[in-house]
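Working notes, beginning with the structure itself.
We just call them A, B and C in the order they show up, numbering each chain from 1.
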Amino acid sequence: MRRPAPRLRRVSVVGVLLRTPRGAAAATWLALLLVAAAVSRAWTPLDPFTTDPYSAWLPPSAAHLLGTDSVGRDIASYLLAASATTVVVAVCAGLVAVVVGLGLAALGSLTARWVRDGVAVLIDVLVAFPTILVAMALAAAFGGSLTVVVVATGVGYGVTIARVSRSEIRRVVREDYVTAARASGAGTAAVLRRHVLPNIAPVFVVQLSLAMATSILAEAGLSFLGYGASAETASWGRLLSDLQKFLGVHPWTVLGPGLAITLTVLALNLLGDAVRDAADPRLRTRSPGRGGTLPPEPRAPGPSPADPARSPAPEVTS
Amino acid sequence: MRPARLLATVTAVVATAALVAGCTSGGAPGGSGSPDPDATVTVGLVLEPSDLDIRHTDGIALDQVLIDNVYQGLVGRTQDNEIVDVLASEHTVSDDGLTYAFTLQDGVTFHDGAAMTAADVVWSLQQVQSDETVAGHADLSAVSSISAPSDDTVVLTLSRPDSALLFALSGRAGLVLEQAATNDLSTTAVGTGPFELASWTQGDNLQLTRADDYWGTPAGVGTVVFRYVTDSSAAINATLSGDLDVQTAVDATLSSQLEGAEGISLETGKTTDKYTLAFNNAVAPFTDVRVRQALRMAIDNDALIAAVGGSAVDQGGPVPELDPGYTDLTSVDAYDPDAAKALLAEAGHADDLDLTLEYANFYPAAIGDVLTTQLAAVGVTLTVDQVDFTTWLDDVYTAPADGSPRDFQLSMVNHAETHDFGNWADPSYYWGYDSAPVQQLYAESLAATDPAVADQKLAAAAEIVSEDAPAEWLYTATTLTAVRDGVTGFPTSSTSTRLDLSELAATE
Amino acid sequence: MTRFLLGRLALFAVGLVVASVLIFATLRLLPGDVAQSLAGTNGSPAQVDAIRASLGLDRPVVVQYLDWLRGLVQLDLGRSLVTGTPVAEEVGEKLTVTLPLAGLSLVVGLLVGVPLGVVSALRHRRASGALLGVAAQVLAAVPVVWAGMLLIALFGVTLRLLPTQGFPVDGWDEPGRALRSLVLPALTIGLVEGAVLFRFTRSAAIGALDEDYVRAAAAKGQTTTRALVRHGLPNVLLSVVSVLGLQVAGLVVGAVVVEQLFALPGLGRMLVSDVGRRDLTKVQGELMTLTALVLTVGLLVDVVHRRLDPRLREGGE
C-alpha cells in the first residue's frame, strides 16, 4: 500500500524553527523588527528629520543613543523610522515576487505545450539578468523611487521563484497520488489546492524569505546610489549614502545602519534555511549531530546550474 | 594539510602584496629648493564650463580659467578687487566722467604671433557694445563711442557717467581679442595672456602652457592642469594622494582631513559667493512684506553656517564685504523665531504655509534639511526639491516665453559674481523685485563721478533692499584652498570667479 | 557536445534579443516624450519637433528598434543625448576599469571561498567548521556598500595603507598605482561573493565526502582530507564552475555600487550618472553592454562546465 503524500504539518515547522538556536535568534530579530516598525509609526525618541547643526556629530549619549549625524539628526530615531521602510519594501517585494513567480510558474507548467516551452525558455533567459540593471532601467524611465526598487526586485526574484516552483510543480504533478486523484475525477483546481500547493509550500516559503532578503539588500544599494528612497523617507541605505561623504572624518558612524541591514538579511536567510531543513530532511547538508552518516544527497545526472532551491544563499543584489 | 597550507600561503601573499603596495606609495611631500620654471601644477576645480566661448557662453567657470591667464583686458583687478592696468600702461578718467582714455602697452602680441594694435582693442570693445548676445554688453550701455585717436591710445566716450565701467572693463566687457583671428571660440582661445590654451578634454581636464613670447613677465610654471572634481571627498582624496597640487573650494565639513596632513597647508580667503535664498516676489504669499520678513527672521544663519562647516560669514544684505557699498546689515530681520511667528499670524498665515524650495543638486543637502527644520519651528512646512542645474535654470531662472510669472516659490543659488548689485535694480531678474527708490539710487550711484559718493548711494540702496526682504542672504562663503608645500603664488580670494596664475611658482 | 553547444548558443542569442527588446521598450516607450524633456519647459513646439526629427524619434517604434539593433551588431551604440559624443567609445574606455575590477573580484572570491569551503567541509562536525559556516552566513548578509565602507574606514582612514577612493588620472600607464586603487574595491566585492562561493563549495564538498569513491579511498588508509582532495575535488570544483555563471551577475551589481563608493571611472559609475541625467541613449548602450557581458560569461561557463563534466559528455566526443 502506498503512503499518502508527506503533508507538511505546520506545527512541526514552527516547532523546529524555534528549537534550533539559529532559528530562534532569527525569529526573535524579525519579531523585534516588526515591533520597531510598528512603534516607529507612532513614536520615535526624537524626530528623525529635525536638524540641529550645533549638535552635529555628537557621540552616543543618553539623549542620543547612537549619536548624531552631520546636521545633528538623531541617528537612533532615524534608524527606527527606517525600519518601517524596510518592512514595507520587504513585504511588498515579497508579494510581487510571489505573484509574478506563481503566475509564470503556472503558465510554465499547466498550459499547452508550446506555451510551456516558450515560458521555460523565457524564464531561463530572464533569470540571468541582474536585478540592479532592471532597477536602473526603470529609474532611467521613471526616476528613482521605492516603487522602482520593489518592482525590480519583485520581478527579478519572481522569475527565480517561477523557475523553482515550475520544476517543483512538475515533480509533484508526476507523483502517484496526483495521478490517483486525477483518475478518481478530481479537477485541476482541486488537485492544485489539495496536493500541489501544500507540497511546494516549503520550497516556496524558503524562496519568499530569500526574496525579502534580496529586496532589502537591493533597497540599501539603490538608495545608496540615489535611486531608491527619496529624501523624505527614512531608509538605512539612504543614511549610508549620507554618511559616505564623511568617511574620512567620521568613519565609524556607518556601523549603525549597516548592522541593521546585515542583521535583518541574516535573519531572513537563517529563517529560510531553517524552514528548508525542517520541511525536507533530504535537503539537509549538515550532520544531524547524532552520529552515523548522512544518506547521500540525491543527485540527478546533469544538475541544472545554480538551482536556487539548492542554493544556500540569495543572489547578492546590493 | 594541503588546503589549510594553501590558504595560509595565499593569505600571506595577498597581505604582503597589499602592505608592499601600501609602503611604496607616493613620493615624499613637496620638496624644498628653488622653483622649477618648467613645473606642472595640477589644480582641482569644481564646475567645468560647457564650452569656452568667452563671448557668448555665460558662467564664471570660463572667467575662472581663461581671464588673466589666456585673455586679458585693458585693466584687471587684484585679489582685493582694486583696479590695475594690464594691457593699458595707464588710464585716465575725465572729471565729468564722460571720457576714458587708455594708453596701450608696447609690444603686446597674441598667441598666434600677431601684434596687438589699437584697432584690435576698438574692435573688441565694439563687439561687446553693439551685440546684445555678447557677454558684458549691458556693462557698456553708457558708452556712446569707442575710438583710437592714435596707435597707442584708445578713448571711450560716454553718454552719461558710469562709476561701474572701469570695474566692468576688468571683466568680460574689456577683454581684447584679435580681430583677424578665425579660431573656433567654443574650443580654442587666442589671447594675450601669460598662458596659452593647450588642450581641453571635456569631463576631465583643461591644460594651459606658458606662452613663451609673452609681452610681460613670463609665467613661473610651464604647465597648469585644471582637473574638475565635483565630488568634495574625492577632491580631498586626490589632494591627499598627491594627484592635486592645489585644491580650490575645499569642503569645510571635511577640511579636518587636510588639517593634519603633511606637506599641505590650508589657506582661507574671502569671496563674493553670496548664497541667496530668493523669494518669488511676483506671486503670493511673497507679495506680502510681512511674510518675507517673517521667513527671514525664522532663519538662523549661524546654524546654517555651522551646518556647512563654519567657513562662511553672515550677510544681512545684498552687498558682500569685498564689494563697494558694503555695510553690516545683519541686524535687519535677524534671527527671531517668536517675532517671525507673530508676524506670520498677523499676515494671516499662522500655520498654513506650504512652500517649496528648489535648488541645484551640487549644493549640500544639509542646507535644505536645516531650512526645513527652522521653518517648521515657525509653522511653515517646507518641501525641498534638489534638481540638476539645467532644470533649475528652466524652472527658476529663465523667464517663461508667454510672460507669465515664473513658477517657483523659494530658490537658492550661489551668486558668485562680484559687483552684481545691478540685479536688484532689474525688475526682470528672476526674483521679480521692483523698487523705484532702489532703481533711482542705483542710477545715481552709477552717475556719480566721485567713488565715495557712488559707494554711499549703493549702501543706501542696499539698506532699502535688505529692509524690503525680497530674499534672505543665507551666508557669504569663505573659501578654503589647499596648497601643497612648495607651490607659491596661488590666489586665495574670490577663487571661484578669478584665478590669476601669473605669479604661480612651484618647486620640483 | 555539438548539439548542446548549438542549443546553448541559441539560448544565448534569444537572451540577447529578449534583453534588447526589454531595454529598448523600457527606455524608449516608458519615459514619455523625450524630445519635450530635452527642449525644456520653455521649448516651443517647433523646437520640440526639430529635436524629435534629429533624434529619429518620429519614425515608427519598430523601425527605431531595428535601427538600434543594426547599430548594436556593428558595435555602434549611438550618441549621447546630452553631449552628442559616441557612446561606444566611452563604454570602451570605462570597461578598462570595470573589467579588471570584475576579474580581480572574481579571483578574490574564488581564493577566499573555495579553499575555506573545502576546509569547512572537512571540519563540518567540529566547532571550527561550524564557525566558518556562521562567518560566511554573516558575510553573505552584508550589503556590498557597507563592506566597502568598513574596509575604507579600516584600511584607508585608520591605517592609511591604501587609497580610499579614486583611480589614477593616467589610468593603466602606471599599472602599480592603478592596481593599488583596485585592491579595496576588489576585496569588497570579492569577500561578499566569496561568502556565497564558500557555501556552495562547502555543500558540494560535504556531498563529495559521502561519495563511494571517497569513502573507498578513506577505507584504504588515506586521510579523509587526501581522499577528498584527490578524488572529490574535481567534482567539487565542477559544482563551483556551474555556479559561477550566476555569480557574475553579482559581480556586475557589486561593480556598479563599488565604483560609486570608490569613485572609480568605470562603466557602473557612468551608468549611475547617466540615469541621473536621463541620457537614455547612453543608458541603453550601457545596459546592453552589461547584459551582454553577463550572458556571455554565463555561456562560457556553461560550455566549460559541460566540457569538464565527464558524466555529461556524450559518448565518443
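In the analysis below, contacts are C-beta pairs under 8 Å (C-beta built on N, C-alpha and C of every residue); 3 or more make two chains touch, one makes a residue touch a chain.
What you are looking at is a predicted structure, and each value in this text was computed from that prediction instead of being measured.
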Most distant chain from subunit A, judged by the mean position of its C-alpha atoms: B
Highest-count interface - the chain pair sharing the most C-beta contacts: A-C
Per-chain CA centroid nearest to the all-protein CA mean: C
Geometric centre distance via CA averages, subunit C-subunit B, whole Å: 43
Interchain centroid distance [CA atoms averaged], subunit A/subunit C, Å: 21
Between subunit B and subunit A, distance of the C-alpha-averaged centres to the nearest whole Å: 50
Residues of subunit A engaged with two or more neighbouring chains: 244, 247-248
Interface hub residues of subunit C, defined as touching at least two other chains: 164, 276
Where subunit B touches two or more other chains at once, by residue number: 233, 237
Subunit B partner contacts - residues on subunit C that touch it in the complex: 40-42, 44, 83, 111, 115-116, 118-119, 122, 155, 161-166, 168-169, 176, 179-180, 183, 225-226, 229, 263, 276-277
Subunit A contact footprint on subunit C (complex, rising order): 11, 14-15, 18-19, 22-23, 26-27, 30-31, 124-125, 137-138, 140-146, 149-150, 152-153, 156-158, 164, 192-193, 195-196, 199-200, 202-203, 206-207, 210-211, 239, 242-243, 245-246, 249-250, 252-254, 256-257, 260-261, 271-272, 274-276, 278, 280, 283, 287, 290-291, 294-295, 298, 301-302, 305, 309, 311-312
Of all residues in subunit B, those that touch subunit A in their complex: 232-233, 236-237, 253-254, 256-257, 303-304, 306-307, 365-366, 368-370, 372-373, 376, 383-384, 386
Contacting residues of subunit B [partner subunit C, same complex]: 1-4, 6-7, 10, 14, 18-19, 21-22, 24-25, 202, 204-205, 227, 231, 233-234, 237-238, 241, 243, 388, 390, 394-395, 398, 400-401
Residue ranges of subunit A touching subunit C (in the complex, touch as defined): 121-122, 124-133, 136-142, 144, 213, 217, 220-221, 224-227, 237, 240, 243-244, 247-248, 251-252, 254, 257-258, 261-263, 265-266, 269-270, 285-287, 293-294, 296-297, 299, 301-303, 305-306, 310-318
